[in-house]
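Shared between the two complexes below is chain A, which has chain B as its partner in the first and chain C in the second.
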Partner chain A sequence: MAITNIKNLKEFSTANERFEGAHLLCPGCAHSMIVRELMNATDDNLVIASNTGCLEVSTAVYPYTSWDTSWIHIGFENAATAATGAEAMFKARKRKGTLPNPDAPVKFVAFGGDGSTFDIGFQWLSGAMERGHDFTYICLDNENYANTGGQRSSATPVGAHTSTAQAGSVSYGKKQKKKDIVAIMAAHGAPYVAQLAPNKWKSMAKGFQKALETEGPCFINTVSACTTEWKFDPKDTIHITDLATDSLMFPIYEIINGTELNILYRPKNIIPVEEYLAAQGRYKHLFKPQYRHVIDEIQKDIDAKWEYLQRREEAKV
Partner chain B sequence: MSKGVLATDKRGVRELGAEKKVGWDEVPQGVVLNSFDDNVDNLSHLRPEERPYSDFNSFTATVASWRVIKPVYNRDICIDCQNCWVWCPDTSIISRDKQMIGIDYDHCKGCGVCVEVCPTNPKSLLMFTEAVDNEEALSGWPEKKKKEKK
Partner chain C sequence: MAKKFELNEVEVWDGNYAASQALRQAQVDVVAAYPITPSTPIVENYGAYQANGFVDGEFVMVESEHGAMSGCVGAAAAGGRVATATSSQGFALMTEVLYQASGMRMPIVLTVVNRALASPLNVRGDHSDMYLGRDSGWIQLDAFNSQEAYDLTLCAFKIAEHLDVRLPTMVHQDGFTTSHKAQNVRPLQDEVAYKFVGDYKPVDDMLDFTRPVTHGAQTEEDWHFEHKAKQHKALMDSPKVIDEVFKEFKELTGREYKRVESYMMDDAEVAMVILGSSVETAVLAAKELREKEGIKVGIIAPRNFRPFPFDLIRDELDRENLKAVVCMDKSAPGGAMGALFNEVAGALTSTKARPMVTNYIYGLGGRDFSIEEAQRIMKEQKAHADAGHITTQIQQFSGVRGPKLGFYETRRGK
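Now for the complex of A and B:
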């Protein structure tokens, strides 16, 4: 069976871990929750490439590796290139009949942080999506360059304090809006593009399985709460992610073949974004009277985006 | 050092970073670290205790010294919902045959996510300081909380 049973958590928990502990990610980091879930969601052999970033530097500290599968550390920008190169060679060797075990199912996965996906590896990712390789790219979106000290990236949302977009008496942090990477990837005509969050484990595992099973380039953006740079207590990782999905800061949805949009999670009670912002240290300056207008703008953007997603789901275009 | 289901000869003897430090210019180019000593073909059907881990695998290392508080697990209250298993960032919740059987104290960093997501009343996982003995912690487990009327 290629796919792990994810009907309920008890079934899912019989999966045998292939991501080992004693990696050096911060306590409470959501990166490893996401990676573990991907590797537990399938029984197939995995070939994984990682962009430089927190995940890569923390899981392969010489002389240790936390990966029980084939894994390569590659430059900041080219996990997509490495994964697609491996996939192309796998196909070629399969055709020539030189594989030692040709029937074994193999899936190709690339992991990147938001810095290497939205900024530095964007061109490489776009190229890999266009070439149409059979692989899955997963972006672990923690909204800054957490590995190097929390610099702004193009995934950092408006109003967030980062080490290179600091908040103070004249600035409220980052002024530019976050890039809509999901829409950009969907515009490549990719067969499966989604935005998922680890607190909704079932939709995330289902999304991973769908992406792995789908032939062609798939892209998944996952919300990865960063306890160090978002400035919250490590134990609250899931709580913060709950707030993110319930305030619709991170709507969970998928886009199939670049057109068909499905919303995968509709919060019963949509909470005001203020609650999400108030729970994190990186937004605490927004609650000063002179920056209150930024919160209103963020809320307005979220409402507009949610309206757009709902209408697009209804229209099926 | 290691006890219980995950005990192997190699387990938990090395602290990450405790060995001789290797400078960036001493690492061989294109270095390959094998996760296992043997060829493993059916990895996803092997439980961790059945795998031939190599010395390079971080499974054989420990980060226990990171921890100042630790989760303690109370089997009597647990309902095996596996919330802690799915959200543990450090692969430290040991589940076998749909049952939660314990915590891997060699890999746990004490983040406390498992306690936060535990749904039972009282919680079947609670954080204690590292100095507290597990038996001692279990003997003083809190009583069931009554629901507050609204």
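Now for the complex of A and C:
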């Protein structure tokens, strides 16, 4: 049995596993927490597609698999299309009466990292959302191409050091702002879009359930703290994620039918983003005198975004 | 339940319509497609069948050809019959997924309407896209006219989905010369066609929840080679099934297909090896040349481009009377001899007779290939035969403007 109403973490820890513990993800990687929580959010059968990336290379190395469910990987960019191709086949076989388990409820899910979601798989994702398939796409957003050694993606935030947007004597790291994938997906008119985080596991479970139960294409961006490339101690994954959500670097919210925006988590004490940045090696250069202005700019952007989200929530448009 | 489509004993169909009718009759579960000239009508026709209740599968219009093949792989892993259509740039865009589809052993049927590859942009027919697919691990069947486009598409499902094969299969036809040329086609009635193709047999079905399955796992140096070797073996073993399917098709329709078609080869002194719609031109040219000038020309046309029928080509060419063979490549060779030349020359190395072999590049971007030009090339082969050595350069170009192009001299017989 999956846990559809988690009351406490102890209960959560004993939930039925369809994602096996034996995988090759880094110790402290948030991917497995997010995937496990998704798979525990429903009792229905799951057909899961994964883009190439950390999750895929760590969970399906022949002759092993971590997936005690139907799972497919084709390439870097096309998990959304693989999942929706399978969903189309489900509809066709249901109509024709050729399903092996005709009454079994099933949900179609695609996972991608930010590299495959924001960048190389963007077109495939957009196409699948537009076509209106009944599936949920979950982005495991660790803000870089972590699988290949930490190159910049269009999800990498301003000021972060990556191997292809390096910090150095004349560079403060990435110059460009992070793409607003949540707004873009909401603009597709998707019935349910959200940004969620594994430290807020109750709202995450609820959001996953909502997406799975909503008919049509749903999108969730999840914050997945990356111990290896963000450079923090593996034991601090949830602590770093707390700093991310409490500094509002990652606001937690949902957008229903492209318009109704609900903020799902309001920090009691909003912390300065400096605390979040200081906890990670990828931002350490920002604390040099010549780059401190970048921290101020990041804080300004966060404040403006939070203001925007609150106003939209109030305005209900 | 899809409506029955009433068909006459003889219909007038172009190649595109013929292919789309075959897809309809096979009761494909999912067609995921993106339109591209000259294969667009296949997708449009299928859309019309769906809009009018003649198909009850899903028709998914995706955002690109890469998406089309990706959707096909996802759908095929979910345990049903899958097909799509493409040409040229679309084929090039889906190439990444062609390799993935074959490596994952998804028995997808792809109808390819052959067209040149840019640049320069060109919508006309040549074999650049067909050649691009030759190492992709797919079975490739080649139709020379509309009837064959229909017949071979039906056969393709039966071959691809056979449990001893389980490999994706392409059916090629030439852009415009076949795809847009209306010809008499004798179709099967819906129930007869479907009975021939048969029900789909799911393997490692993602929708069978009693048996979870992982598709598309990763293998590195420890297992990758074994997987690719096994895949190659499946391709090399597939002729047994292809022959069986062709035999069954002949019993049903009287129409006979062979992995290598040959015409007038028994007493041939020179031969032309050629693919696609040009085969019919070559056969007409050869017949006329035999009648008018008494030159004994034979034609060899591989029906199966992959797996390449090495043994049948070898046997067909291993004749004492055969002196000169010309291989006609309708694709820019990109700094090498044409691919068909290389395949045929490879097969020739293991013949006793060892006829001379030369190469023509012709028809690029839809440049017309006439009976007269075919005959000129055939007569040139006769000149090689009479001289006992190749009298021209080994690779030449047919029908291209500008200074005469040719490459490499022979060392044999001079």
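Odds and ends about this structure:
The rule is short, and it goes like this: the second predicted complex is superposed on the first by the 306 of 317 C-alpha atoms of A that agree within 3 Å, B and C clash if a C-alpha of one lies under 4 Å from a C-alpha of the other, contacts with A are read in each partner's own complex, and residues count from 1 in each chain.
The rule is short, and it goes like this: contacts are C-beta pairs under 8 Å (C-beta built on N, C-alpha and C of every residue); 3 or more make two chains touch, one makes a residue touch a chain.
Just so you know, these numbers come straight off a predicted model, no measurement behind them.
With chain A as the common reference for superposition, the partners chain B and chain C occupy clashing space. By the touch criterion defined above, A:33 lies against chain B but remains apart from chain C after alignment on the C-alpha atoms of chain A. Looking at the shared chain after the overlay, A:269 reaches neither chain B nor chain C. Of the two partner chains, neither chain B nor chain C is touched by A:169. In the superposition on chain A, A:68 makes contact with both chain B and chain C. Within the superposed three-chain model, A:126 lies in touch with chain C and out of touch with chain B [touch as defined at top].
By the document's definition of touching, both partners, chain B and chain C, reach A:101. Of the two partner chains, chain B is the only one that A:22 touches; chain C does not reach it.
In the superposition on chain A, contact is made by A:60 with both chain B and chain C. Overlap of the chain B and chain C contact sets on chain A: residues 45, 60-63, 65, 67-69, 101, 104. The touching residues of chain B, when paired with chain A in their complex, are 16-17, 19, 22, 27, 31, 33, 35-36, 41, 43-48, 51, 55-59, 61-63, 66, 80-83, 85-92, 95, 97-98, 100, 104, 106-113, 115-117.
Put simply, chain A touches chain C in their complex at residues 45, 47, 49, 56-57, 60-63, 65, 67-75, 77-78, 81-86, 88-93, 95-96, 98-101, 104, 106, 123-124, 126-127, 130-131.
On the chain A side of its complex with chain B, the touching residues are 9-25, 27-33, 36-37, 42-45, 59-69, 101, 104, 198, 201, 227, 233-239. Those residues of chain C lying in contact with chain A across their complex are 29-30, 32, 56-58, 60-64, 66-67, 70-80, 82, 96-97, 100, 104, 200, 202, 205-210, 212-220, 223, 227.
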